[in-house]
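Chain lettering (A, B, C and D) follows the sequence in which the chains are written, and residue indices restart at 1 in each chain.
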Amino acid sequence: MRVSVIGGSSVSSAQYDLAREVGKVLAERGHTVVCGGMGGIMEAVCRGATNAGGTTVGILPSDDLSAANPYVSTPIATGLGHARNVLVPMNGEAVIAIAGSGGTLSEMGFARVYDRPVAGLGSHDLPWVEPVETPTEAVEHVETACSSSRE
Amino acid sequence: MRVSVIGGSSVSSAQYDLAREVGKVLAERGHTVVCGGMGGIMEAVCRGATNAGGTTVGILPSDDLSAANPYVSTPIATGLGHARNVLVPMNGEAVIAIAGSGGTLSEMGFARVYDRPVAGLGSHDLPWVEPVETPTEAVEHVETACSSSRE
Amino acid sequence: MRVSVIGGSSVSSAQYDLAREVGKVLAERGHTVVCGGMGGIMEAVCRGATNAGGTTVGILPSDDLSAANPYVSTPIATGLGHARNVLVPMNGEAVIAIAGSGGTLSEMGFARVYDRPVAGLGSHDLPWVEPVETPTEAVEHVETACSSSRE
Amino acid sequence: MRVSVIGGSSVSSAQYDLAREVGKVLAERGHTVVCGGMGGIMEAVCRGATNAGGTTVGILPSDDLSAANPYVSTPIATGLGHARNVLVPMNGEAVIAIAGSGGTLSEMGFARVYDRPVAGLGSHDLPWVEPVETPTEAVEHVETACSSSRE
């Protein structure tokens, strides 16, 4: 399935490594990564996924495809600026949030609007977000949440 | 100044009354209300402002101007659905949040992105939101925050 | 009623004067101008309308309200770039097109999508555009088209 | 390269066949189709491309991925309504227009804004559109136009 991964462009190296591992686990389990296509968490998750043979969709704020990080396999330019944030959770069946500030929070709000299950790794504490400890737990949470919603 | 008021379309009557009072105080102090133009908190704040002689801008998710609540003096249709949420904090100098769920949270995230001061009346608890107790306190908080940022 | 006026930001002085006259006639007849809020035709029509005591709404591509030309009475920031073009015809009951290139053409296409009558002053020749010779003819055409559609 | 194919959802069977052939030629020459993801011309071009082993990106007006026609390999939901039109030419290096009405015209306007070469098969007659007679001519025109712009 498609899983949207959200998080900021300014990250610590520990957060970068965490996101890279999330990308790797998603790709190994056959999921496609959807993200905002830029740097920081977005680059890290695409890098982890791509290196593990996965596919990544990057939905960019810019109208310029070349703004995508080098690990995006399908860049989508929007020219919408921050309004593109709504497209990120909309295009995944579930969401994994890693750290992040205002932009990430807007995406967590839209995840709620679109009723997407959300796993949070060190991200905002919200009633509809399941706090998890590891990348594998994050992926397992969204897999389980989506399979139950299909039953 | 323009103040964006955010909050959901499903509200209790206590929340509705609170939002109506916020609209009244804003209008009495000469501020213009910006909101999402629909029902619930959005209708209440426009109603309070309009009845006090104020001006209200409603930025609608729909492409149909007639979707605006009857207390919107300047409706703006967008046809953007939930992506219009980013326009609400963008078009005010400050934000007052009243209760709300996912949509409101997305707007609180965008308020952060655009560096708008936010006062919260029974809304989400976030580091950049000042919790206040009354409509007057909410308005005073955003007035003070904006006047300091101009100095 | 609200009339959307569309046209480019690069204009000759003859086109600027024409747009200014369109704004003047619209204001004198009690109509509100909706436009893209920037320079060229947009500035000219707002200037003509404002100087005649009218009201103008400028729907900006930028996320910065201060990007509006000085004759916009109600600026709306969008941050959507060229995607904001659809909002211009959507927010008027009818459209007057003056000269223009690609951006104006996109707005003429959206005018068709939203079934708005269009009067064209030296603009693109399209089956749904009524070519007119003067500002007064342009305004009279859209007034007549809107009043017949209401009968 | 990516080529955006634009045209309406209401089409004659001759236009449908033409679009299908455009999709086939694009796929055979290794190009990816970008389109609006819905019915009519959009379905036909995706069908032709998919049956020839190609890849197709469908940028949808809806917020629901399942609205895509069955020949879209990468659907992108936007929830933006007609504002998504700008994303279609933005995401291709060149544009092929087939018939079409207002929506297609808006995309031809945006193609000009983003300086994309456009080949037209029975579409609107505009100064920046090269009228062509056959699908192969259309594809050859955009290939040549893009390779010259790279020199």
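Details
The criterion applied here is as follows: a contact is a pair of C-beta atoms (placed from the backbone, for glycine too) under 8 Å apart; a residue touches a chain by one contact, two chains touch by 3 or more.
Bear in mind the structure is a predicted one, so any value in this text is a computation, not a measurement.
Interface note: chain B and chain C, two copies of one sequence, contact each other through mostly matching residue numbers (shared numbers exceed half of all numbers used).
Comparing the chain pairs A-D and A-C, the larger number of C-beta pairs in contact belongs to A-D. Taking each chain's centre as the average of its CA atoms, chain A and chain D sit 29 Å apart. The distance from the centre of chain A to the centre of chain C, each centre being the mean of the chain's C-alpha atoms, comes to 41 Å. Taken residue by residue, chain B touches two or more other chains at 63, 78-83, 86-87, 114, whereas all remaining positions touch fewer. Across the interface of their complex, chain B is touched by residues 57, 59, 63, 65, 74, 76-80, 86-87, 90-91, 114 of chain C.
Residues 80-83, 85-87, 101-113, 124, 126, 128 of chain A are the ones that touch chain B when the two sit in their complex.
Contacts from chain C toward chain A in the complex involve residues 63, 78-83.
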